[in-house]
Amino acid sequence: MTDFSHLDPAGGARMVDVGAKPDQQRVAVAEGRLTCAPQTIALLRAQALPKGDVLTVAKIAGIQAAKNTAQLIPLCHPLTLSHVDVEFTVADDGIGIRATTRLTGKTGVEMEALTAVSVAALTLYDMCKAVDKSMSIGGIRVVEKIKK
Amino acid sequence: MTDFSHLDPAGGARMVDVGAKPDQQRVAVAEGRLTCAPQTIALLRAQALPKGDVLTVAKIAGIQAAKNTAQLIPLCHPLTLSHVDVEFTVADDGIGIRATTRLTGKTGVEMEALTAVSVAALTLYDMCKAVDKSMSIGGIRVVEKIKK
Amino acid sequence: MTDFSHLDPAGGARMVDVGAKPDQQRVAVAEGRLTCAPQTIALLRAQALPKGDVLTVAKIAGIQAAKNTAQLIPLCHPLTLSHVDVEFTVADDGIGIRATTRLTGKTGVEMEALTAVSVAALTLYDMCKAVDKSMSIGGIRVVEKIKK
Amino acid sequence: MTDFSHLDPAGGARMVDVGAKPDQQRVAVAEGRLTCAPQTIALLRAQALPKGDVLTVAKIAGIQAAKNTAQLIPLCHPLTLSHVDVEFTVADDGIGIRATTRLTGKTGVEMEALTAVSVAALTLYDMCKAVDKSMSIGGIRVVEKIKK
Amino acid sequence: MTDFSHLDPAGGARMVDVGAKPDQQRVAVAEGRLTCAPQTIALLRAQALPKGDVLTVAKIAGIQAAKNTAQLIPLCHPLTLSHVDVEFTVADDGIGIRATTRLTGKTGVEMEALTAVSVAALTLYDMCKAVDKSMSIGGIRVVEKIKK
Amino acid sequence: MTDFSHLDPAGGARMVDVGAKPDQQRVAVAEGRLTCAPQTIALLRAQALPKGDVLTVAKIAGIQAAKNTAQLIPLCHPLTLSHVDVEFTVADDGIGIRATTRLTGKTGVEMEALTAVSVAALTLYDMCKAVDKSMSIGGIRVVEKIKK
């Protein structure tokens, strides 16, 4: 039967007990996108891309957020991630974000990857908001999840 | 001239100095959406909506994240928000999220509203991920910003 | 000989070295109570119990605090808890709180359970303080501790 | 009519909007107690009181927790406390804890005082738990609240 | 009489009460230095300076740490900094670090500037430690403090 | 070939993937020093050493910072330290600081030891800054690193 693992039969919130799960190698990849005006990308390319700090600041924010996921999302378990990476693809009307998280442990790491993407996107938004009031963040989803 | 306030002329990151700005009443409203399978919403309605804990957990996560924005987004200023609210609209194929933030201070609060929406969406995703592997988060944007 | 493990022979604080301890399954259960006026419980039952958000907000606060115990209590070791649960019993003159924490690791988890109870109680206090100035929190203690 | 300020009419959680409140001098004093076996106090007096680190560690933990209250208690507002103090009274069967918090701001600081007491008590518990399995924490309450 | 403001007459720790102090414009500048082997700087220049991410990562870490000072240093007051900047000077045998912090408030911001320098230096150390085991961090001091 | 493990070939920041490393016992020892005026040490000895709270507050701050290293230094992995110790040596013109960190895990713990020393030094600085404007922090380095 289909089951919301974080909900009890009465709809109450619960943190899953992962204590009996085996330690396995786990990888997750998530993606998302900041969509902005083409002029914003043109300005970034003129002033701050590829060599300025914009993408580096967003990468660091994403990595730090991945490590902090259990403090942000109430029912997530604390994890000791072995790896986080955040990469960007600059297009003419936005910036694609892709985060990879790895762990040998008892629970999947897709929330950590999604959190890295989300906070990297928010950080890009913050750095561009003075020149573009029409940006949006979307397409945040898991694109790969491996357990072995 | 158009200007990235968080970038110096060489593209370097910088935190804006807001010390000379006046204290003003500031409000921001942001929205976003978790899109999921209609069956997921049907299951939530059967098991956990409107009276279960799902939306409350996401609301609390969003409020806490808004208060924590300056720790998540590197160039954001620490703020003492006077109000945060997070509301949800359950549709047949997703859940809409709307966050409002308020402050009397020197800098706008849209990053706090966007962060509340993002983390509330991630929290909903976390609670539904056991039953739906195809969800995505999108449409995160500022819908209102007031300064008076 | 009886020994304060967190104190050196001169009374100085020290963090115990748990590196040589074996990984074991560990469970702790702690309890506590918010005592309030019967009228406060009556009002909660009329306006917000059992279906409002009061207990859920306190549960989430308790779970988050348990995960954050090592940041709150200086000599506690950082842990990666596998499970936290917080339950409530509403009586006529107060609310009982019971927290359970689990871990496979080198050190017991009773401080995490006590922290969950304490912060859940503070959160209940916060939500009721506008209607009741005479509340108190007490009876916080460990009721079960298992190692196997 | 009596009102839970943190609850909406349907019992939903909400963070009060304090933006329209005036800045006032606010003080709160809270108390609590760790109750333990007389032998535990005798041992502390022999090994670690009054000159060892026990009370200092608990004081620091309480001060840090007071500053961190808005991260612990979901509906509390972030504050910039101007003062926190934590004092102890060692009795024959326990340790009394008293915390004072001060602020010039828009909202009261009793939750910060209660949090300081609670975390100081948990820290004392942690330092004594190796010699005493029967301790409890109680009597946590506000004893003074001033606004001027 | 000379006085340790953070110590009571018995040598006990205390957090100063700044509530009665006026709000003033405050600036602090601190400096420090990571000293390393000339070959390390040569390698950095070949592979990662001036355009790689090394200095940007350290800058972001310093800014974030400055905002987090009151959580790191027990008797520091929580502040809402209006500005933090961190700059670097690359020499042949090390990297100089200079941080500036600003606030309109009741207490000085030199601890925030010193913290930014320290954590930026630690971050540089972390990024270079795989190639240089002989590095050291020093010269951390306040070079300017203004109140007006 | 010499390699900056935290940098990719283009100088970009990256978090090393430690997932394939074996769990080993790891120890690191770091040292540093707060240099101050002899009169400051004389005053501390008269008012607050050896029995006052000064060194205890700095020790606790150092331990807490060690546990928090991965939140402070962007590319550090989250760790669950099994032990942290911070010791002080009071000289006539300064205070020496020595921190030891231990872990059974996949990555070294020297950044945790260096962070403990740095934050303990900043805490001492904070407590003495009212009486001495000429202090500096230096000599922060790793003095021992063991893996077995």
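Order as written gives the chain letters A, B, C, D, E and F; numbering starts at 1 within each chain.
Definition applied: a residue touches a chain if its C-beta (ideal position, glycine included) is under 8 Å from a C-beta of that chain, and two chains touch if they have at least 3 such contacts.
Values in this document were obtained by computation on a predicted structure and should not be read as measured data.
Identification of common neighbours of chain C and chain E yields A, B, D, F. Looking at the partners of chain B and chain F together, the chains they share are A, C, D, E. In this structure chain C contacts its sequence twin chain D using mostly the same residue numbers, the overlap exceeding half.
By number of C-beta pairs in contact, B-E leads when D-F and B-E are compared.
Between chain D and chain E, the centres computed from C-alpha atoms are 31 Å apart. The centroid of the Cα atoms in chain A and the matching centroid in chain B are 15 Å apart. If each chain is reduced to the centroid of its CA atoms, chain A and chain E end up 29 Å from each other.
Among the residues of chain F, those in touch with two or more other chains are 12-13, 51, 53, 56-57, 59-61, 64, 68, 74-75, 79-80.
Chain pairs recorded as touching, per the definition above, are A-B, A-C, A-E, A-F, B-C, B-D, B-E, C-D, C-F, D-E, D-F, E-F.
Taken in their complex, chain D has these residues touching chain E: 25, 56, 59-60, 63-64, 67-68, 79-85, 102-104.
Of all residues in chain A, those touching chain C in their complex are 12-19, 70-71, 74-75, 77-80, 105-106.
Residues 51, 53, 56-57, 59-61, 64 of chain F touch chain D in their complex.
On the chain A side of its complex with chain B, the touching residues are 2-7, 9-13, 32, 43-44, 47-49, 51-54, 56-57, 60-61, 64-65, 68, 72-76, 110-111, 114-115, 118-119, 121-123, 125-131, 133-142.
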